[in-house]
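All chains are identified by letter, namely A, B, C and D, in their written order; residue positions are counted from 1 within each chain.
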Amino acid sequence: METTKTKEIVINTEPFVVNFGPAHPSTHGVFRMRMTLDGEVIMDMEPVFGYLHRGLEKLAEERTYTSCIPLTDRLDYLAPMSNNLAYCLAVEKLAGIAVPERAEYIRVIIAELQRIASHLCAVGFFLNDCGAFMTPVLYMLRERERILDLFDMVCGQRLTYNYMRVGGVSQDIPEEFIPALKKFLKEMPGWLDEYERLLKDNEILLARAKGVGILPRDLAINIGASGPVLRASGVRWDIRRADPYSIYDRFEFDIPVGTAGDCYDRYRVRVEEMRQSLRILRQAIKDLPRGEVRSEVPHLIRPPIGEAYGHLEGPRGELGFYLVSDGSIAPYRFHVRAPTFINLTALADMMRGWKIADAILIFGSIDICMGEVDR
Amino acid sequence: MKFERYGIGIAKGLSVTIRHLLRRPITTQYPEQRLNPSRRTRGNELIWDKDKCTGCGTCAKACHIGAIHISTSTNQVDNKYEVQKYEVDTGYCIFCGLCVEACPFEALFLSYDYECARYRRNDLLHDKEKMVETPERKVSGYFYPKRAAKLPKQSLLVDNDRGKRHER
Amino acid sequence: MTLALSGKDIAGKIEKKFPGCVVESAAESLLVKGESLLEIAAYLKNTPGLDFDYLTAVSGVDYLDCFEVVYHLTSLKNNHSLVLKARCYDRANPVLPSVVGLWRTADFQEREIYDLLGISFEGHPNLKRIALWEGFEGHPLRKDFL
Amino acid sequence: MAMQMLPPNWPGNFWAHWAIFAVVILVFVLLMVMFFIWLERRAMAVMQARLGPNRAGPFGLFQPAADALKILIKEDIIPARSDKLVHWLAPVVAFVPAVLVFAVVPFWGGALLADLNIGILYVVAISSVTIVGIFMAGWSSNNKYSTLGAMRQVASVVSYEIPVVLSLVGVILLAGSLSMQQIVAAQDIPFILLQPLGFLLFFTGALAEINRAPFDLTEADSELVAGYMTEYSGMKFGLFFLAEYAEALAISAIVTTVFLGGWRGPLLPPWLWFVGKVVIVFFVIVWIRTTVPRLRIDQLMALAWKFLLPLALLNLLITAAEILFWPAVSLWVLIPINFAVMIVLVLLWSRLFKLGWGKVEV
């Protein structure tokens, strides 16, 4: 920089590189940001990942279609039910398998509960990244615990559910599930109000998050962002509405969108989505029919030669599975369209020019799950 | 930062945190206080029924980790298969439960027990003798609703009064 | 519902504009020549009525005799989708044009395909390995990688 | 420097008094720090719907002792390319001033080490020496996180000293003395009622000086891992930890002395009043830490220079005018006036106050 202005003291500064991560308290996994800093200001940022790469796509190529389901649990470990469902939708599309009515409803209930659980985590950790020392995240993990209890009841695990099956779900929900869910639905709006009181209008949070890390509408589309990140930028695009899979066309719900596309909007969109999910849940348990939960599917599924792309609106965005079948019992190609992986594309653009503290905030607001990014 | 709200937001937040002082925490002190796990718990062991198993090996095929080893021999007298070796390496097992689902003879179960830490890797290798059902090693109701009905009711946080919001 | 546009209809339109570029067209997908991929993609993105402004996913498949790269295109404006494919047959040095200039979504995804399948994307601003480390030998998602 | 020496009939002149009191104060500081660590963890835990430490001793009261023992026997790691002498010296430099402050804090009517007639000046001067230690730690660690954290600390302390001192001047005007003992004696009405704005400014500034939330940028755990302490381990880390809590204790004690009437109070023995008030002030600090997010560095600076400093100047001006023009008026009359002034000024300034630069074009 040779532009020395007159009568201005030019202090010779030098940019320096800081590695945030791979092991850092707020990188949500093993993620590394190579930041070039000028003092506190971020000049450039390069995301480096792959520390958690397990070669899931290769592993899936030698497993049967059913035994790929546990693999999908390990993609986005904060929302495994959605992953299960997305994969099952893709296989059902590939093999042309119908799903019983009751199973569809159970799927919707479980997927919406999963969305709430995942958003609770996302919002909680985002607020934690702002520096609200553990309080919001612990409150929200408490409510997530209530949801995990329900999942535990349904499928016997709290983290890797392996619940959805091709052609339905693995088992019917137990009879104590619906009363517990009703209790949860009754309580949850009050909890949400409490979180709102805790930090929604907090002046410091507004100062920190409003106008920070703006992702403009056009860039958000071009970058392929999806989920709350895309909607916070003002694009009313929700696959539940745009391309209703399962039975989402039967429910009434709104799509919350942001206006500015900043961190605060992303936080608001997630909170509003939780409320909409509660709305869907209420409708779903009202109409829940009786009947089978799993259609007759052979033990080893052999879909016809072809390919299918099944997608759904996961908590973090559009989760898609691109499957290619060669007629055998294992997928020929198993590709995951991981939403957070693609949302990361915009990270450097959002961060440039902001300070280190903002970088953490922006990173937290796009809600990353490294299990999905690295696969 | 603009103080357009004159600190009301901060005051609201402070009221929420101070109110928690009056509520009971939800934490359970684990070794002393125990919660009942789900009736469908996929506990960290497999339980195998010697009498029902025919040695067909469906479970081993369903296991995508390859944690189940089974070898059979023919029993010339009764003219049927006999299971020679049945081993599960619970160190590899991911407890997905696909083997339990696959078993056509209801001979394989997951356990209700969840405390299975061992000091040696060898102890994680469970063979025929270790995998039988005993009163201490209860069978989980995963995929067997009739068995699930006999197990104690799962303790749920939604039923718990601790940590409750005081109704406004 | 997102309307899945038939590859055949689009093929007709493209044939008019870029004759000889469409290799194969089916109801669900459209296979184009690798060399003309970029022009066709730009046409699909910028033509009113098509408006494929959103690139959902880029996937690479190894069919042993060729590599196929699949572009799932969506138009947020008109709510329709299209599957675009391109192939490259050179196994030793497969090359395809990069679409990063049109949709920046492709940035990381093309890097991933380069990393795992070994397809080079011409014109990509920062084509290097993404999941594996620099210096890793081979491309794991290829069917002949053991 | 003239000292008003206290109980004159001690055996062995003043030396015995100093020696005994020094030991008493050290023990007091260490015990209170341990209690504070327990209190912070416990109160915070309950406010976060958890239990907090409850295993070591009754209610987990011995947890800090157990932690101290653990930290004592930890390996002391010195980074390979650090400046070893400075790295070793930094915790000491940080810890000593925090304890020295207590020399002038009155625990009782006459119970203090030295009643300096410039007590407050001494407190202000000594307490800012701590940042030298922190900067030494940050610089000598040869770690970028540490350097950034230390830089932030120096910047914030330098800025916040000014409003803090200015808000104290109002109190000094009212008390008519710089001596801590005299200030307590002057508080027939606690100065928090007479100087509400001064208290607000002082408390905010003090939070920033001891880098407590929402101004804990120095060791912002979600950004800088642990700030200047990143490379410290073992007892050196322990000393920083102690220093941090000793500072919090010192600030609580000063707030108590200057604004809450010190040891004065009915019925209970004075030292209990003093300790009780200190604990309450510290609890408020913990409470705030539990609730609010962290500020950014430029917002921290803006708050000091654009919000606290002008208000502190205005507060000083108004207090001085009140004392000058109404020397005879009852202090009770001033309470509503000062509260009205505070509300008007804070509301007005909240409207005027605006943050400047957020994003920098690069």
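We take it that a contact is a pair of C-beta atoms (placed from the backbone, for glycine too) under 8 Å apart; a residue touches a chain by one contact, two chains touch by 3 or more.
Since the model is a prediction, treat every value here as computed from it, not as a measurement.
Apart from chain A, which is left out here, the chains connect through touching into these groups: B, D | C.
Relative to the C-alpha centre of chain D, the farthest chain centre belongs to C. Central chain assignment: A. Criterion: smallest distance from chain C-alpha mean to the mean of all protein C-alpha atoms.
Remark: among chain pairs A-B and B-D, A-B carries the greater number of C-beta contacts. If you average the CA atoms of chain C and of chain D, the two centres end up 62 Å from each other. Once the centre of each chain is set as its mean CA position, chain A and chain B turn out to be 26 Å apart. Taking each chain's centre as the average of its CA atoms, chain B and chain D sit 51 Å apart. One finds 44 Å separating the Cα centroids of chain B and chain C.
In chain C, no position touches at least two other chains. Of all residues in chain B, those touching 2 or more other chains are 1-3, 10, 13, 16-17, 26, 163, listed in ascending order.
Looking at chain D, residues 47-50, 290-292, 295, 299, 355 sit in touch with two or more other chains.
Chain pairs that touch one another, listed by label: A-B, A-C, A-D, B-D. Interface residues of chain A facing chain D in the complex, by the touch rule stated above, are 16, 18, 24-26, 38, 40-44, 127-135, 138-139, 142, 198-199, 202, 204-205, 207-208, 211-212, 352-360. Contacts from chain D toward chain B in the complex involve residues 43, 45-51, 287-288, 290-292, 295, 299, 302-303, 307, 346-347, 349-351, 353-355.
Listing the residues of chain B that touch chain A in their complex gives 1-3, 5, 7-10, 12-13, 15-17, 26, 37-42, 62-64, 94-98, 101-102, 110, 140, 142-143, 145, 148, 153-154, 156-159, 163, 165, 168.
By the touch rule above, chain B contacts chain D in their complex via residues 1-4, 6, 10, 13-14, 16-18, 20-21, 23, 25-27, 29, 163.
Per the touch definition, chain D reaches chain A in the complex via residues 44, 47-50, 144-145, 148, 213-214, 216-217, 220-225, 289-299, 355, 358-362.
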